[in-house]
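Heads up, the next two complexes both have chain A, just with different partners, chain B and then chain C.
Up next, the complex of A and B:
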């Protein structure tokens, strides 16, 4: 499935609770927390050397941007294994854990953060990773202003106090340990070794690039970075390949034959079959990825709020979730469960009578002029297609014709930036475990819309969005209330969006893979280093 | 057959073999079933997601699809779309193609050259590719499919009609009409056109299956009929990823396409044999 764009996720209640305590006290987190992966190449006795290649099956091209500063798309599945940030979010403990930073403290009410960096870490380029290098990397990412660079907006100043100490001074309080765990724009890399053509990599992660052939079926292969600070054990996978397979039935056959090891998403029917197949294991976990149906609030017939409300009421939410058979959960509001800002009791319901009445007030309906609406959605995405089928059938009876167009992400997005449709369907997930990105990126006014594809412009809502980071860092109760009010305004009053469901990730792997844990903070990412092959 | 009986039988249009008869029967059934879909269909043509992907049963003879629509109902309604497309494409192609062909065949000279060169330009593109290109540019939908296919179909009728018309134009009764001062349009209308129609009719019945297949292909690729319009190609497309787990979603519409295209084909074949004396002698 397509999950272009942007942002991602997280299970944040715990994380934010952490942040708050950090802000309050400034105690050390990380130290003594998760230990670094043991460097024990020599110690394993019986383990057999794993010389097999781990094959990951994405359904779309993997790499659109090799620059770790600006990357903001599907390549996260590769880059997360090549680059590392200061921290990594653990979706089970709901905390940021040490990665390139071993411990950190917050002071001044969350406005000053000091990270202690891991020693003895080398970049793939051979250079040493130290505070100066980390500072340069983050500053370059900020300057580039691409992708998810906004995550560093709170940062006022970065100082390399000494080789092992990196100090951030913020403009306003923000959960910097979580921000530093972001799947996008938080990588620490050697700024002098960045290669936009993907021939070299500049990270510190366990894998480097072996080959990249754009457009080929086996688009990308990775190999182990011998100098990885965590060391290597014989049973870990040293080679990884990404084999692009758009057709899920093909992917399923390859998996059954053992030719590939991991399939990102099957349809619910094949997933059920996978659960009953001997040499295959499955993994199912809730995600922070929800479907947004964005209505054009700026032009066209949906400019009329009654039309937008009618569209909201015409969606068969329960039917959609039923037809998705376990691969999705009905959404309540914009923020998925598990994040601060999630609201209970906002589950939408289909109400065709209300839809008809609202349409009639707007001058459309069965005995009134026909309404034609254009909708764009992701080509090849069966789940979005279901929505289109159900919505078009429901609207058809109300004398509304839905002209739905499946498009590649780039084409859909380009058209969206030009206000080229009435309804824009896409997934959203946060960059770091926080609800903020749904509001900042999707609903804050923008002269040139990037992801604000409902084109909502509302000064009142903007002001409230701006207040969110600080509230989140200083007063969670108020933040929760603010999120709730915002969702009421955006969904109920403005009717800028309908949120039908939150995806449930359903993965299928070969049975010989051990150690796989789905981390919804890094959607679709497999951390290959954590896996081993059962013997 | 006897020596005396054969020539007589050859001259009469007839259904010459059992296959063609079978084809005709199937077509009649498909046409009637499609026309009567609102009365014959066991369920309304609406999604019912709670019933999605039910296997064939007494309640749903051919099962249900992903959003819980009854597959039999969808096939009946889908037949209307497919047959409408076939009828519209063939009507448009035949009218345009035969008109131009007859004019070209009768007139000859530079008129014929001009018309035939334009025809050649259209024929130079692979038919499906040209249809695809058109369908991509235009707003997808049933009308687009009709237009996209008709654009690639008419040149064949032009060629056929032109060659037939050219030979008829040299007949003595046409010469006679010309000598009597009958204006050209009237000659074309009264003499050339009626006598050119037989091969065109045969061609139409042979082509109907092809048009249905092409329309299904376009819909399958997402360029033809759009939700919630029921269409066979679209149904196959929606069911393709379910083939190994829910075979009925894709199998039955696929069979509908196969059977209908086959029926038109054998009927056309039979008509050609019946109407073409040289072929009738077997």
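Up next, the complex of A and C:
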């Protein structure tokens, strides 16, 4: 053998040896894992034999942060089944309902809250969940200052009065029962058992971790927590698997074959097809996420309220919703349906004659000088692109040129904070089920705007916004009225925003799943414990 | 040969250095604040400041570049903004799956492409030649995403001959847990004799590997055909004919070896190209490789992860070319003199 051949053989052998030794070194994949899902076998094996696995299909990573204090991303779906808060929001009744707390009272005008805790609850670690443990968990979350920890900003002091009583003293009045129902940063957990590597869990929820293999197709599997305070019935799902499927058509094929049970989103065409498929059921419900078209009230041509009102009137709301084919529904006001403060009868309509008249009053229009407006929206968001196309086409007729720029959120937000556009398009959703989120973040005056990207500055509106938390905590009827008045002021009088639509969830499930209800307060979350497999 | 090797290594290092500079520039030139991508869309100014401090985003650019190169050399490829894990760990998780897919595709491409290239050259301008040329043109020009969706729908969805998606039946993790050595599932299953996972991976591999193999098979077949036709017109072929060797014998015994030299170069390029081309195929078949990681990184503007993927692909291209240069030295000694 000649020397260069020897070199090659040695090189290849060395590379293989290096690869083998430097690589995994004999680890067992899914080590520590108990039964994984029967996910890729033939039809409905995953959903048969009721020790069955419920297979959920997300389109992105399942978990990026295992810490219940800082988690603020897609893992809400998994963590909401592993961890529990003091309360859980019911979007039908628009109220917080008992979870780890069985009852609660507010005093001192919403500045003092006392929660009675459920007895006999154990953490997955085996420790007892009591007031001291709950206090430590919330205090740790606050100290970590990550994710949505700000939701506890109102809290001044937490006391464990006795094992079953947790008392909060607040700096200012706030609806703590709603805050405690948040899907982010409101979990009660055993602070001594938190594992950022996801090998064990520290919650009280019905499921605990079975295996987590980052980057794998079946990224995460959960198993029933035998010591769950709610107990278990035979027909409930004892195992859950998350099978990451980025491609919608692949997810649809897997669902049709019964290899998975729940697809988080389908496009309108496939959703329609799903509705006509025998072994599949569908669910459509409005979310808490709406699209905001924010007009620059501080500078540029849109500073003139007549221009802003004209822009509101130029949007083809009905055409837009029709073109979105069920993935969105027309908004009525700023607050989505299912939240306190939602108002009926505020659905906007396109009125080009009114738009033309308002523009003419402001000195623009077909026989008047041309108006040029800049708009920024999310790159890659086809729904926003559709809005821009329709608006641009409508405005062209009115001698208004829309210079629309798709941008990444980072870049769009950076520009927005510098008042770099006339119209800013973005989605908004609340971190806990309270309409206050829109008003505080998006419409309250700010010296350095963060999300107030209409740059609205109005002392009356600010005062009304400041009164909302106390009203929500103490008198919900008055709060409802206050929210309605504010929406009229912001949308109709100030014309700071147009709200074209609320996004709609379009889910598809196998027909054998019973008990599924979409709860928009917890985006994309399926509470697996509430489901059962039909026999 | 040592000088040849040193020259090629030097050129490869220059290419890698260029890519490092490019990835750094792109990371910093992309509009927007990377701290926002890490801290989330509703991050407070304090949170953003803390993230900037942590990742040194407020340092002067030259210092950031020096730190970036130093970190790369010490094996620290940064922290992914969306998975929040070291990019190196993420790549280590994803890359073997892509290697598995592209490796299988290349085996198919070589085993099929070279023989049909020989067939086309042997029956030049006759029916087999037209058949091979037409098929290979079709394979090369067909959009890979469309091909993946179509094959999946027909063979997995409608006929049910092969699984729809995934790398292997994940329930086997419980019944036949796999011991990892190389992190390439099929190789580890073979090494450890884990036949349930081995057969399941083969079943899952068939469709995606065929789709990824379409382009390289077509290209290799065409290149083999062209190189063989050229070689069979050389002086040595005329001599071989005069000595009474048949056309098939001339092509396979004498012309094939020198003709393989350009084919080898092509295979290296096609290998690296297929890793990127396979991204879309991975998305369709839920293959847990670099494609999914790259797609999610791009969606979330995860610049360290995007830079990591880019750098890795550049390294693969460079390494593949280096290996082929060395192989060419073996196959065709004239290459060492060039």
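Note that in this section the second predicted complex is superposed on the first by the 294 of 535 C-alpha atoms of A that agree within 3 Å, B and C clash if a C-alpha of one lies under 4 Å from a C-alpha of the other, contacts with A are read in each partner's own complex, and residues count from 1 in each chain.
What we mean here is this: a residue touches a chain if its C-beta (ideal position, glycine included) is under 8 Å from a C-beta of that chain, and two chains touch if they have at least 3 such contacts.
Note that this is a predicted model, so its numbers are computed, not measured.
> For A:116, is the partner it touches chain B (first), chain C (second), both, or none of the two (neither)?
neither
> Does chain B (first) or chain C (second) touch A:396, or do both, or does neither?
In the superposition, A:396 contacts chain B only.
> Output check: A:382 vs chain B and chain C. Expected answer is one of first, second, both, neither. What do you get?
first
> Chain B or chain C: which reaches more residues on chain A?
If we count touched residues of chain A for both partners, the winner is C.
> Going by the contact rule set out at the top, does A:72 touch chain B (first), chain C (second), both, or neither?
Second partner only, chain C.
> Does the superposition put A:249 against chain B (first), chain C (second), both, or neither?
After superposing on A, A:249 lies in contact with both chain B and chain C.
> Of the two partner chains, chain B (first) and chain C (second), which one does A:323 touch, if any: first, second, both, or neither?
Only chain B; A:323 stays clear of chain C.
> Once the structures are superposed on A, label A:406 by its partner contacts, choosing first (chain B), second (chain C), both or neither.
Only chain B; A:406 stays clear of chain C.
> Going by the contact definition given at the top, which residues of chain A touch chain B in one complex and chain C in the other?
Touching chain B and chain C on chain A: residues 247, 249.
> Spell out the residues on chain C that touch chain A in their complex, using ranges where they run on.
Its residues touching chain A are 1, 30-34, 36-37, 40-42, 44-47, 82-85, 90, 92-94, 96, 149, 152-153, 156-157, 160, 163-171, 173-174, 177-183, 188, 204, 283-288, 292-293, 295-296, 299, 301, 326-327, 329-330, 336.
> How about chain A: which of its residues touch chain C in the complex?
Going through chain A, the ones touching chain C are 3-5, 7-8, 11, 19-20, 23-31, 33-42, 60-61, 64-65, 72-73, 145-148, 150, 211, 214-218, 241, 243-247, 249-250, 253-254, 256-257, 259, 380, 407-414, 431, 441, 448, 450-451.
> Which part of chain B faces chain A closely enough to touch in the complex?
On the chain B side, the touching residues are 46-50, 52-53, 66-68, 139-141, 222, 226-228, 238, 240-246.
> Could you pull out which chain A residues touch chain B in their complex?
Contact set of chain A toward chain B: 247-249, 252, 267, 269-270, 272-273, 316, 318-320, 322-323, 325, 379, 382, 385-386, 388-390, 392-393, 396, 402-406.
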